[in-house]
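Presented sequentially are two complexes of chain A, the first with chain B as partner and the second with chain C.
Right after this comes the complex of A and B.
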């Protein structure tokens, strides 16, 4: 097998980890609150800027800045729910999607206003590891492992803890859970905070590999929605599987043709799959 | 009702005389408002029936690029290039719209599929950089003077009349659709697709008809826009950004009213230009920051947009508009 192709496949797997994390957050919010946050990738952008600013201007160590960035985006998630989603929770779902679209414009241009359009990065130089003839960058490996740990932690929380069980129960039947004495408002806020936190974690992992700029959300946002829909909106395991399928398409087609062509192919596959199987690849 | 016709005629005369009164800069804004107003009107033809497409960037991109590419590489006049791009956009709308209707892809899924579609066109334009100039964009080869054959008019006032005619045609089509049986059928479909089908409405036909018209007109608007600016780049005519811009302007202006989308165009363009003049280039993000906040507020508090609010006030003078 071609060694460069193998490298592309490996990089695809590593990218898939971070995309899976993003898809998990978006799917969690959709499954529980029944809203698609079009601005989800812009929250990631906010997290990247927060971490960059803390390390660059406030001279914090990277790990502390990462923790603070995660907390910051979790808080943003709560604010998004309180300020944008809660007032229109009862109106047509498409209105909620569009309202977070307005938020997308706001966050993008607020970032331009605050930080300009320059590309920023942490200036970290992590070594490249050699496995036989394959080169894998350490930053991608760290991102992959951390993303899987984040996903595992979410899984444990949802399946083992009382609050996690309540969240899953609301996702299954919100009316009944209200009657059973579960405070939906609290569950929604908690879910938004967790969804935000996952975006924050993804932000820290992406900042290891990519520069941050105000429009970076447009690079990851559309793929994230695609992954969620492919997996079946709200279906977290489906989203997880779809993340790796999409990232392989991108990595392999990127290797054979060009990076834009690989994204075009991924989007076309997505459109075709949704039109053929609207319930998602794992749906019934 | 009776006062409507004279008022419309007076407004038309004013619009025809406008180039005499305006300096080039303001005329430039007027042309932009007319062209974008046309595109937003085209979007609202389907948007107001619950077919919220985030993919109009795809059709706009086809309309913007195809005639320019044919003109530059094959010397084909835009008189053929633009209709060709309109057909192509309608064909694309059919290829996606048919299965989407068949499989009942609606709401979130519809929005996200169409969003992917506009990304496909955006990325294709960038990927074909040998022909399209990639992210840097491209310029249709200049005819050097005003030319009907090349559909190029360096004088803004000449293009203004073209844009005005296009915009008026768009409004006429909107009215025609509004008064057709299809409009009632689509309202019924939007309320309850199953029930609409049960009383004998051909859901597939009605949805596809309005989708194809909307897509074709959007491509037409894209073609006119590029002939006017004599420049096109992928981000300004396709992708998520412009698709959302179309949706928002139509909603903010009021997608349920004839003039709503044009009001949306006027509002967003004047706001952007005003903030640009007021702040200069120091605060590049200022216009869109305010814009973003306004959009969120509009969707939360005024889902029928400005036109809807005005109509509500006119319908019941002295009383607040009916809450949605």
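Right after this comes the complex of A and C.
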């Protein structure tokens, strides 16, 4: 097998991990609160800026800055729910889309105002490691492993704990949650915090590989939505699988043709699959 | 134990209950019977806090509950087995039972209560890893009752436990209710299956178009000519 193709496939797998994390967060919020956060990737952008600012201006070590950035975006998630979503929870879906869409522009503009449009990064130079004949960048490997650990922690929380079970239950029958002694509003807040925390973790992992600028959300936002729809909106396992399918398409087409063409191809495959299976690849 | 005083309630401009009063003493099984649309489910929804009363109030052991939201009423000691069971279909049997023990007071005793519910309904133990949506109707009712028992309520509300089940299964469900009673639980049960519910209840109320029309010992009501004609088809 072609060594360079193998390398592209490996990179696709590594990219898939972070995309899967984003898809999990978006699907979790959609499944539980029944709202699509259009500005989800902009929360990632906020997390990237938070980590960059803490390391650059406050001179925090990277790990501490990462932890703080995750907590910061989790808090942002709670604020998004309280200030934007909660007041319009009962209104038409289009109004909710417009509101979170407005939040997208607000966050982009706020970032431009605070940090300008310069590209910023951590200035880390992590080595490239050699596996036999293939070269893998350590930053991608770290991002992949951390993303899988994050996904595994989420899985354990949702399947083993009382609160996690309640989060899954809300998505199945909202009305009777009160009969279980569950305060639905608190479940929504917790879910928003977890969704924010996942965006924060993704932000830290992406900042290992990419520069942050006010429009970085546009690089990951559309592809995250595409992955969620492909996996079936709200279907967390479907989204997880779809993240790896899309990242493979991007990686392999990027190798054979070009990166730009690979995104075109990914969207073509997406449109075709959605026409064939509008309920998502794992939908019923 | 439970006193309901002059409760009125409805949906928008539609009023379903007009000044309903009733009482349930500790250890009793009390039935509320009546035709479809008489307001039985509305009464249950008011007592469990799913629907706010527009007038009147209710209290458990002297503590007024009408101003509390549903999730606080569970913590106060009232568990509700809702109409149509309303299990979480994609959660397993055991996860449904876990939801029943969500309140902090029940969480502490989760393991022992789970063992107790499995002892009460061994069938649930066989099915514990199965999604609740795949259970048979009778098993689902067991799971719904088990879920409500997980909070060890002072008062168990049951809304039409026999609805939508085959006659043989209905018999099983009423046997379940008998066992719950034998365990010492206080039960307020709403049923259209008048004959069978009067068989297991101590006392009963007849609800007619949102008002209590008759009340008395279950045996007495079972012999009442009007009830026999209108609700038992005898």
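Quick note on the criterion: the second predicted complex is superposed on the first by the 283 of 284 C-alpha atoms of A that agree within 3 Å, B and C clash if a C-alpha of one lies under 4 Å from a C-alpha of the other, contacts with A are read in each partner's own complex, and residues count from 1 in each chain.
By definition in this document, a contact is a pair of C-beta atoms (placed from the backbone, for glycine too) under 8 Å apart; a residue touches a chain by one contact, two chains touch by 3 or more.
Quick caveat, the model's predicted, so the values are computed rather than measured.
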| item | value |
| --- | --- |
| Fit-or-clash call for chain B and chain C when the two complexes are aligned on chain A | fit |
| Inter-chain angle, chain B to chain C through the CA centre of chain A, in degrees rounded to a multiple of 10 | 100 |
| Partner chain in contact with A:88 - chain B first, chain C second, else both or neither | first |
| A:176 touches, of chain B and chain C: first, second, both or neither? | second |
| Superposed model, chain A: greater residue contact from chain B or chain C | B |
| Touched partner set for A:165, first chain B, second chain C, both or neither | second |
| Minimum C-alpha spacing, chains overlaid - chain B and chain C, in Å | 18 |
| Chain A - residues contacting chain B, complex | 36, 38, 84, 87-88, 91, 93-95, 97-99, 101-114, 116-117, 214, 218, 221-222, 225-226, 229, 233, 258, 260-261, 263-264, 267-268, 270-271, 274-276, 278 |
| Chain C to chain A touching residues, read off their complex | 48-50, 69-71, 73-75, 79-80, 82, 86, 88-91, 95, 98-103, 106-107, 147, 151 |
| List of chain B residues in touch with chain A within their complex | 50, 52, 96, 99-100, 103-105, 107-109, 111-113, 115-117, 119-120, 123-124, 126-127, 239-241, 244, 247-248, 251, 283-289, 291-296, 298-300, 303 |
| Chain C contact footprint on chain A (complex, rising order) | 162, 165-166, 168-169, 172-173, 175-184 |
